[in-house]
């Protein structure tokens, strides 16, 4: 099968999962009591929505990045990709649990563990998909430096998420904060490392006087 | 990354968010009491659904308009686009809150503030995406008049939505009415300004006798 | 704007609205009491799901049929299309109301009226989109017989749905049955009128002996 | 109509139905009581989610496989495809029922019957679509061995699902376990039968010394 059909299907699942995150804010609930207080009290839901939106968005960008290195799709790759999508589509559930229980002391740890376990397994699926594909399905003209660069930057995902998950046993709050920081870090990294210089910067860099 | 993949993903999020608006009518609720009275009493939900549907629809049209000016995607653009999509996907939530509380005097102001804040931040993300992209990612042959025309027509979005939001402190009803009028205005503008003349009009305009 | 982007976005909304119909079966409800009795008691929901699924599916087929006649998109066409999509995305709501109230005598009429009103307005949007587009946006080489054939077959939609809606004032049950029959009729018509003859039939029709 | 539009629409429905499976885990419910106990008690929901995700994913892969053999779409094929999609989009409902009632002895049988009936009818729609299409819509250059291979591998679907459904009358637990095993079997089969040999294996197979 050609990779572009697999990519189009995966794009669909990414787009739907990311949009269904709105369910985590409780769109299907009737607010109770004073509306203003209810809405501001939803701040953990807004933060969880933002963190998971960035996380799925970054994973979508990375998904494209690795598929661009693949020349074709085969059976194991499609099943590994299906497992990855199964985890992506699952993320709205832990996001909602965190949104509801981040403020409840006794349950915060279980919420953080569920969220962390989901993101850790997602990272494992991601690296498994990449390690399989990069050994068997590479474009003949894939740049080896790009390939090893991707491997280097994706390998830390699993231990980082795993460590943040284990941290929940010590401090659930710290664990949740770190999940948020990881999302922001990846978003900033994606934004800054492939920035396009403006015309002025390009002119300055080239040493030519601006026109 | 090529802009067409970013556009396809964005199209998906726009299409899903616009269709999920049906949740704001309360499809997941069991109507209570007399059905006829319940259904006609939902009129604020129908209006909110219509206003948000037009708003997301117009934003989708504009999103294509600006992406047509871009030659490529880069990191900051993709993150700005992701933030825009995060706000678009969030809109069903304030729409539902407005649908439920537009008739409840005490809470109407908070509902209008939530809706207004969301649309104002959406407008900020939109103009930020455009200002970044129009400086660094333009097609070499983009028409400067089109570019400055887009800037001129998108800049008012933020102050207009911001003013309508602040108006909620004076009159929540007026604020909500204005959000509806803005949606209708943009829809009419989109419909009228790029109308195709009919064959008869074209013939009349060219001064030639009709065949 | 090119029609293929408008079509892709519309396809997305059609596909999401048709899949969200599962909400009308009450996937977000906890069954109560004896499961077997609960599941068989859902028969109005299964019928409503089927009728609306066929209705949206047929409209999607027809939507492609008319877009194939259009050479391009313009502002009024996009807004008419947006209004059509707004009605399509709304259909899960009346479907759910019918599913819940088809068995409740007193409320059946209101449920039928809501469903009928929605499909009647959808038919109006459809014919408005076609009448506008067929006058201004036709492919130069569109076959006039195909164009007038489409007009002839789409014009009855509005009066047929309108009459079935008004029938609800006499008999809500008859009205609901007719909505179901319309859906089945259109599905059968779509299936039978563009059937591909099998190799055997083609051979028989050509009068040649089979090989 | 060209098959690629039908495929794109079908892909959309597959992608949305597979992502909506998250609703079966109860994302729209408020957990009650101790969170840790609630989350671990959801294990039937996790298993049902996994089984249905694999099932829809495999059906999506197979859907592409058969559409690749078709040269074009016609009316009956589109209606058969619509019926197949209607069943696919329905699957989240029985999945949720199983997730909720798999542990409740009295209701387990009815849940298994609903799930089994849905998958059996889905398999009937699938084979009907294939048998119709493979007789009338085949690519002129479709490989007859591939065509008869697909027929051979898809024909058992209906009796296998049907037998597992009837088994529920004897043991609902065995029936549910078998539905899970079928999903895993198909996923493993898809993964293993079209595996790409690694460079090392290819070198070994060719008898040449590795470089």
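A few points about this structure:
Labels for the chains are A, B, C and D, by order of writing; each one numbers its residues from 1.
Going forward, contacts are C-beta pairs under 8 Å (C-beta built on N, C-alpha and C of every residue); 3 or more make two chains touch, one makes a residue touch a chain.
Predicted model only: the values in this text are computed from it and were never measured.
Under half of the residue numbers at the interface between copies chain A and chain B are found on both sides, making the touching surfaces mostly different.
With centres defined by CA atoms alone, the chain at the far end from chain B is D.
Spacing of chain B relative to chain C, judged by their CA centroids, is 26 angstrom. Spacing of chain B relative to chain D, judged by their CA centroids, is 37 angstrom. Of all residues in chain B, those that touch two or more other chains are 8, 12, 16, 20, 28. You'll find the chains touch as A-B, A-D, B-C, C-D.
Listing the residues of chain D that touch chain A in their complex gives 8, 11-12, 14-16, 18-22, 25, 27-28, 30-31, 34-36, 39, 49-50, 53-54, 57, 60-61, 64, 187-188, 190-199. Per the touch definition, chain D reaches chain C in the complex via residues 1, 5, 8-9, 12-13, 16-17, 20, 23-24, 28-29, 72, 74-80, 82, 85-86, 89-90, 92-93, 96-97, 100-101, 104, 106-107, 110-111, 114, 135-137.
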